[in-house]
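Step one of this worksheet: look at the structure below.
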Amino acid sequence: MIALLIILPAGAGIFALFIGSDRLRRILLLSTAITQTALSITAWMVPPAPALGGWLAEDALGRLIETLTSVLFLAASFYAVAYLREERRQTHSDFEEGFLFSNAREASFTACLLFFLAAMTLVAVSQQIALLWVAVEATTLASAPLIYFHRHHRSLEATWKYLLICSVGIALALLGIFFLAVAATNPDGSTIALMVPDLRANAHRLNVPWFRAAFLLLLVGFGTKMGLAPFHTWLPDAHSEAPSVASALLSGALLNCAFLGILRVQEISVAGGIAGFSDKLLLIFGLVSMGVAAAFISGQTDYKRMLAYSSVEHMGILAVGVGLGGAAVFGAVLHVINHSLTKAMLFLVAGNFLAVYRTKNSTEISGALRVLPVSGVLWLVGLFAITGSPPFGPFLSELLILKGALDHGQILVAIVYLVLLAVIMAAMAAPALAMAQGTPGAHISSPPERSLTLTIVPAMLGIAILLMGIYVPPVLTRALREAALVLG
Amino acid sequence: MSSGSLLPLILAVVLAPLMQAVITRTKSVLAGRIGQPLLQPYRDLWKLLRKGAVYSQTTTWIFQMGPTVGLASVILAMGLVPFGGSPALSGFTGDFVLIAYLMAAGRFFTVVAALDTGSSFEGMGASREVTFSALAEPALFLGLAALVRQTGHLSLSPVLASVSTVTWRHAAPILSLTLAGLIIVFLAENARIPVDDPTTHLELTMIHEVMVLDHSGPDFALIQYGAALKMWLFAAIIIGVAAPWHFGNRWIDLGAALGGMLVLGIATGVIESSMARLRLLRVPQLLLVAIVLSALALAL
Amino acid sequence: MNQLINSILVLLVLTGFMLLSSSRLAACIRAIAIQGVLLGILAIVIQVGQLSVAGVLLPLSSAIVKGFVLPWLLFRAMREADTVREVEPVISYNLSIIAGTAALGVSLWLGHRLTLSNQPPSSLLVPAAFFTSLVGMIVIASRQKALTQVLGYLALENGVYAFGAAVALRLPILVELGILLDVFVGVFVMGIAIFHISREFDHIDTDKLRARTARL
């Protein structure tokens, strides 16, 4: 059952490479996404048995991330099908520099999407730390071609940065895993298997200095992938150059998977009662990320880059939440869901803007509410949600993290956190509101005929965000609590 | 080390030009020529000594003193270097530092003499010589320090005496690194390819030779002879490390060491025939590599 | 045995310096290839006395991939991109060598400080592993050609692998294979990217890619 979650998209990916017909391939993509989501949801009712000798198993945290990934993938694949239909033309002219470029083959794009899903699922269900590493590296390799969908030099640069920086980060994470293996070697020569449950059960027997070094390396390694500052430099490029549907998946799903890598180690350090060190590191990196994001969002005119930096900010918030411990952890895990839904929606809406306005510069866009009424409203919803305004989901989770900080007497952290949130809200609101309001420029006459799917998908996500702010279903609360429990 | 031996010094004084002849002969043979007789360097020296010296009007006594001091310092240094199992004439704790600085003193006077001519070419050569030797010196010191650390002695004679085939068996990486570093220093200090080409006739590309362009007659003989001795000195240290056979009989040991010198001479000839001179800008890099090799040997 | 391990490690360090000091891409690729083979031998030699079939086959396949397959790929990329040397590194070759020496010092210091519960057979093992990783990072940070950066990544990976060998890490075969596969596919994808970069820019200078770095 668990193995099926990985084999299904991987197999579909291989098939997609060999299917000649666009129609059939799109059907394959959609049906895989639907089946995957159905399987993930079934897993909530009938917990699947561990596979591969316990290497693949779903715990509360893994299941949350896995389900979130497949739901987002479902949304993204519907959007992608509509998007690909519109992008069918042979050549496109670049709206920044005016040259002509072509797109990557649709078959390889679809196949990479599916491989990407398989790799992310493997990350979510892997209980073996080294296997988790293999899967995280696989996500990099599967998603790099997605960024290079538009074949031109800017996307190529972004792809290169992404590949190289993430690979280097991941190599450091591997060193961290080796350190972890050293920490798991007892003086008498016996070793603890590198499985999350084993390591948690024997966490008090770990060699503490080695474990700390391992945590630091893993935090840097997976943190690179997750977009924690100062290792985030690949992120703005990749997110702004990738097609919006890929950006949505990168921001909404991939970053969570990298975060999960850090959480797995944090679980171990909580179980061993040695979380003081890791908490401090997470707090520092989290606040630095928020600070860097605030600095770069201010005055950012490229709205996709703005969203990318906002992802850096929210990864920082997650790190802060986990680093604070207690109630904040619950908030952080909830925020994983909220951020993913919101950011994915924002990127999809940004994709719609891009298609109509043909510019990434927010100062050249105005009157979105008139030109694209639904997308315009969704843009505002997303803006309010992502900056933490009630009544949307992110407000709730960010508040819980703040409460956690105050509960623990971390007044300084709370103040910095609030100030940075306020700065980012102000910095994002000004350009984003200007994009929605006003009168559209003269050259934007009427929106060309566009598929309805392109607005329905983000609208569904928007509804989900609103729901998450008003009512968190009890089954989700239970899972969140269970996940938060192992993280302190 | 009171029981010094004159033998190493005598051998050096007598045989040093022969080593240069071996290198030249090797290069000739590899190039398909017959080559000059092995005694040619001696004849050249004799010829130069019989000639008169020409001094430019702009030069002073410094110019005339350079070659003499240069030769004297090398001979002094030679007195501290053992050869083939025979200890050096003299030896004391830290004598290898003195060796290095005697060489530096000799170089200093050669350089000053070159500057004294006021010729821009010689100034250029002098500046290059100083630059490269500044890089070669740490390599030499680190290499010697690695040997000192490995053997636990602080004077060159016992250091080389205690390097043996046994040492090689348990410290091969260290010794080979030291050796590689020393060989680069050997090539650089003696103005051989790939650092400098002793036979080039383009002043612009020369390093050592351009410095001594203005010397003539007996002065030039002293310089040539000093260069031969300097090469012998480095070669003796290298052979002391590379061919550490101690058979018990000093004459056999000596023969082995002389054989080693012959091999080193031939090897140098082969290197010179098979490699091109490095671009001047790349020379510091080669010397840095020598430093790194020696440092690595010391660190192990 | 110890002599053999030490010699391999010394050679490993020297290939690191080769990578740092050479401007010829071919020489750099060869350095990486030699590293791959050396590491394969090292991983086998280190477990003499407790050899298993998997314990030989895995290092062997890793040596083949890193020593022959990847270099072949990189040589192809080099020919396709029509570049022979790294022209203007961010820091000069001399400085790179000095940085390498500093890295060596740091690695030795670290190696002496860290205490392992099972002592590796040579005190040089952990420092050499760290050194190789550091060289990789120096190369990635200081070179502009995409190909050289890939070489830096491989050196980093080799260092990590050497550390694994040093602490006699026994990862499950599946994971070892996964890691090897990841490295292979990673370099493969990077090779494709290099091909595209060379077509797009006529040369593979990543510095020229930075049209928009100022905007970050």
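Chains here go by letter, A, B and C, matching the order in which they are written, and residues are numbered from 1 within each.
The rule is short, and it goes like this: contacts are C-beta pairs under 8 Å (C-beta built on N, C-alpha and C of every residue); 3 or more make two chains touch, one makes a residue touch a chain.
Being a predicted model, the structure only gives us computed values, none of them experimental.
*Asks:* Thinking of each chain as a vertex joined to the chains it touches, would you call that graph a line, ring, star, complete, or other?
*Replies:* line
*Asks:* Quick check for you: compute each chain's CA centroid and the global CA centroid, then name the chain with the smallest gap between them.
*Replies:* C
*Asks:* Return the distance between the CA-based centres of chain A and chain C, expressed in whole Å.
*Replies:* One centre to the other, that is 30 Å.
*Asks:* So how far apart, in whole Å, are chain B and chain C when each is placed at the average of its C-alpha atoms?
*Replies:* The separation of the two C-alpha centroids amounts to 37 Å.
*Asks:* Indicate the whole-number Å distance between the mean C-alpha point of chain A and the mean C-alpha point of chain B.
*Replies:* Between these chains, centre-to-centre, one finds 65 Å.
*Asks:* Spell out the part of chain B that touches chain C in their complex, as residue ranges.
*Replies:* 169-170, 172-173, 176-177, 284-285, 288-289, 291-293, 295-296, 299-300
*Asks:* State the interface residues of chain C toward chain B in the complex, per the touch definition above.
*Replies:* Result: residues 3, 6-7, 9-10, 13-14, 17, 21, 93-94, 97-98, 100-101, 104-105, 108, 124 of chain C touch chain B.
*Asks:* List the residues on chain C that touch chain A in their complex, please.
*Replies:* Result: residues 116-118, 133, 136-137, 140, 146, 149-150, 153, 156-157, 159-160, 163-164, 167, 169-172, 174-175, 178-179, 181-182, 185-186, 189-190, 193, 196-197, 200-201, 206, 209-212, 215-216 of chain C touch chain A.
*Asks:* Could you pull out which chain A residues touch chain C in their complex?
*Replies:* Against chain C, the touching part of chain A is residues 128, 130-131, 133-134, 137-138, 140-141, 144-145, 148, 151-154, 156-157, 159-160, 163-164, 167-168, 171-172, 174-175, 178, 181-182, 185-187, 189, 191, 194, 207, 233, 236-237, 296, 302, 305.
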